[in-house]
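Below are two complexes that have subunit A in common, paired first with subunit B and then with subunit C.
Now for the complex of A and B:
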């Protein structure tokens, strides 16, 4: 029973890891907490829902279309809006909230408030197998989502470690001034990172549309979940975020069983609050201080 | 310096006009608009006392608005307390709870503070949804109707909120003139330096948080009586915070009259947007885009931008400073011409 709960939790956590990887990357490079990330997640989910219902494209395949699209949107948003707001970090947070509210309005107008989800032929397929004497049941979508997420995260890892761009991104995360001194074009790295961040959340959104149901207002709940994950992992630390995603996926499933599922989100909010206040550097990460 | 300098005469005249307005415009719709206007003046000014003066931008401040609303609604439904007097009293309770929350929350700063403050709001909302014995959960709580004739139903609320708005702006203006207010501005400009010259930064921040939350709580209490029925989703709504933030920023963050001016622009604009686009959720998008435009184009707000522009214009003619007559001006101009290289014109 416990193993079953934890297994489902960890599989969900894999999808969470993909969803938050962009958020963490964006914070690392730009020191910007992108509150609109949840709204972009839901937008990605809606687009793959659209592609599925209108054109019959499988959500996992639809990533090939929406991820590049989101990349362009991300570069545009960073260049056109975020880079224009200087100074206080608080202003940038307010700006991303404004973007989130705008997106919620647009999505609500386009798709109404009906809760949607993608139902493919394999949605209700459940694999069951036995380990030792323990029977385990795994829904196919969760397994598929987990596998696809790992694949994309591996690709992201290769980009970050094996390419010039990845090196520039990592250099900027470590020390923006020093990176600029050795010839990294910071403005370009920031725009590209924002684009990559949104591309990953588009992929996360496609997976999300298979597993969860959503409407335009869902982004508030999900951005809180994603924030508590990257905050717990340590802001700006990608490995930290991935570990925290698996951890919280498991904790969430467990707390939904122990408490009622109505009150269990409080675990996320409390983690968010307590970690930010008492250990702003999270599990692995740098301190988030003004100076 | 307060801006604009309001003389007693103008203040008196203005007050008479504001008191007379509900009688001149008898349509209840205008009374609703007026109530909403003063409500936003109160909440935006209260928000500004914390976030404008200290620079700590809270986006969960409507947690205290909602707390006030629920305390008043619960005591009215259970013990029959009249919200008109219970709101300012229970506001003290909200203030005390806020002191405790602020004491913990204000250890974070910058973006961490913004996010943690949102977490506070979400925790309050979840509690309101789940403590069913107290709050009756998602369906919400109803209150007894006001005892006065339905014919006037909204008018007393208008006057009450007007009074609260005057008190709030008064307190906000008073704070600016005290050592305490100076300390808050010092925290905004550079917290580390402020602490090093002896400002008790932690105490000051927490106090500002509590005072600000007191007014939020009272406003929430009166609002819940006005509404007659409250539910967690709309009471603990981050969009309430968005309204306060837009109003304060549009008028001028950290100025005394900025939130008031902002509220006078935002409330009619919001009403117009709701009227034009209210049937679909596109009105949210219009708010969002409005907020984006304000942050990108006018981050300092109307009052501060205007003041800076005036100051710059004054700076440009600084060579003439102190010159009273035309002859003195010419003389000053000649001196300026002779003395060395030209000053760069900003």
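Now for the complex of A and C:
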């Protein structure tokens, strides 16, 4: 049974990774926590839900529509709102809170408070197989979500490591001043990163809509979980976010079985606490340079 | 997780609340059918405008703080609609005691402290004539204390947990057929009616940590165990829980014959999907809230709803006082069809009916006189005749529903059943 629990937890963790990767990336480049990330996640989920119920588009396919859309929204929000309030991180965080509250209001008006979830033909399909004598069950939506998340994260990782844009983003994460000195257009990198960050959360939202149910207010629960994952993984680190997300998925499920489901969130925060005490930069993060 | 968030998120929450409190949209005043969004100044007492011929009487102001956002937003919004339908119908028929009724409904974001502050303000600043209750025991318990302190009658639509009635309050009246915990009674009666060789032998309880659901769970456990069933699993999860897969895998491992979910809605869908994923097929399945909200429940689960049981206080086709008019008016005001009218809206409408009939009986909206009257009278409502004992607990019983095909039908108790229940439950 523990193996089954662990397996389900890790599959869910893969989807968490996709949900938080953009948040980590945005922090890395802009040194700003985007509180609206959870609201954008729910918005992505609603758009998938809409495309599915109105046009019959599968949520995984709907990523092709909503991710580019979110990219444009991200660039727009960064250029039109965030870059205008200047360099004070505190103000930017306040601004993202305002965006989150506004989005919640708009979503509440559009979709009411009824909880929604996407039910496809394969929603309750389960693949069962046996390893040795152990029967295992893998729900198709979680497997699909896990696979799609890994694919998208791999593509993102390649962009970050193999392209000029990726080098510019990583240079900005490591040292913005030095990056600017060698000719990186920081303003453009910031806008692009915010766009990419939202595009990934749109994809995460599409996966999320298949597995979880949500309404406009759900972002409050999820942003705290998402923030915890990226702090655990190391702010700004994509592989760190992936490892932390898988770890959270596994720990959340295992502790629910070994102890009780009531204290499983505590176990996760305990790990977070220990990491912050002994390794404040997170699992794979680098310490912020003090200039 | 709500109690363990970082200080940073607490700041976020406070800011969000401030934003909501400052927003002019936070207060909605309803008179008749017209819903206008106003700032807070319009709610200060205005002298009645005297015309040259007849003196118009000031409207009767009724206040409520409802969870329109946050985890109870679904039932909270339904309750708001129920109150609005009641006020609209009443005003069209000439008002209450010849005066129009004006509702002031504010959003407490499903937060106890906000709800308490809201009722304080409604009574002391807005000086409403009457107050009506919010959704669910969690918010009814603290807010009813506020009403008691100011001597206000507190008729409420959805707080039926044991703790609602054991605090010595005499101003509270629960406008559903029976105490919340008694929702489990028709289930236990039904299980007991199944022939002994077919009857479930084991059961599991998986419940959200909420005063209402836990009250039902305690009562269900007691009744089922005294009926000879054995509990094999009992788990209470935090309200913030979103992933039920680990719980479901444990339940599947023990394979109890009957599963009882103490749920609100979102979690009933989460639990059922997780049970499907884990390959758990019980012989009977019961969830407190969720199956009784047909729209979202069916949308999320499709034909996997077949055979699922729940308790209910009201349904759209019931032949009770004003029910047809209520359903028609609801559809007129909010669209959809009769099947879309939520039970929580009906419970709020019931509150209105009780208050209205009590006020008419005594010819006044004086709260002390109303409290006295409410302990004595019997009120003919859309959930049937209601009367209250000395602590405000209603003296009736719930109905048992079961999903059959694309809707739910009443299967118990015996004298109110529309169709025979399906047993064992088909696979989900």
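A few remarks follow.
The rule we apply is simple: the second predicted complex is superposed on the first by the 257 of 291 C-alpha atoms of A that agree within 3 Å, B and C clash if a C-alpha of one lies under 4 Å from a C-alpha of the other, contacts with A are read in each partner's own complex, and residues count from 1 in each chain.
Operating definition for what follows: contacts are C-beta pairs under 8 Å (C-beta built on N, C-alpha and C of every residue); 3 or more make two chains touch, one makes a residue touch a chain.
In this text, all values refer to a predicted model and were calculated from it rather than measured experimentally.
After overlaying the two complexes on the shared chain, residue contacts for A:252 are found with subunit C alone; subunit B is out of touch. Residue contacts after overlaying the shared chain place A:84 against subunit B, while subunit C stays out of touching range. Judged by the touch definition given at the top, the superposed model places A:182 against neither subunit B nor subunit C. When the two complexes are overlaid on their common chain A, residue A:137 makes contact with subunit C while staying clear of subunit B. In the superposition on chain A, A:126 contacts subunit C only, with no contact to subunit B.
In the superposed model, A:54 makes contact with neither subunit B nor subunit C.
In the superposed model, A:101 lies in contact with both subunit B and subunit C. Once chain A of one complex is fitted onto chain A of the other, the partner contacts of A:4 are limited to subunit C, with no touch recorded for subunit B.
Taken together, the two structures place residues 94, 97-98, 100-101, 104, 108, 113, 216, 220, 224, 227, 262, 265-266, 269 of subunit A in contact with subunit B in one case and with subunit C in the other. Within the complex formed with subunit B, the residues of subunit A that make contact are 31-33, 81, 84-85, 87-95, 97-109, 113, 216, 220, 224, 227-228, 231, 262-263, 265-266, 269-270, 272-273, 276-278, 280, 288-291. Taken together, the subunit A residues at the contact with subunit C in this complex read 1, 4-5, 8-9, 12, 35, 94, 97-98, 100-101, 104, 108, 112-117, 119, 123-124, 126, 128, 137, 139, 142, 212-213, 215-217, 220-225, 227, 252-254, 256-257, 260-262, 264-266, 269.
Interface residues of subunit B, counted against subunit A in their complex, comprise 55, 57, 59, 104-105, 107-116, 118-120, 122-123, 126-127, 129-130, 191-192, 238-239, 242, 245, 249, 280-289, 291-292, 295-296, 299. The residues of subunit C lying in touch with subunit A in their complex are 1, 4-6, 9, 12-13, 15-16, 19-20, 68-71, 73-74, 76-77, 209, 235-238, 240-243, 245-247, 249-250, 253, 265-266, 269-270, 273, 276-279, 295-296, 299-302, 304, 428.
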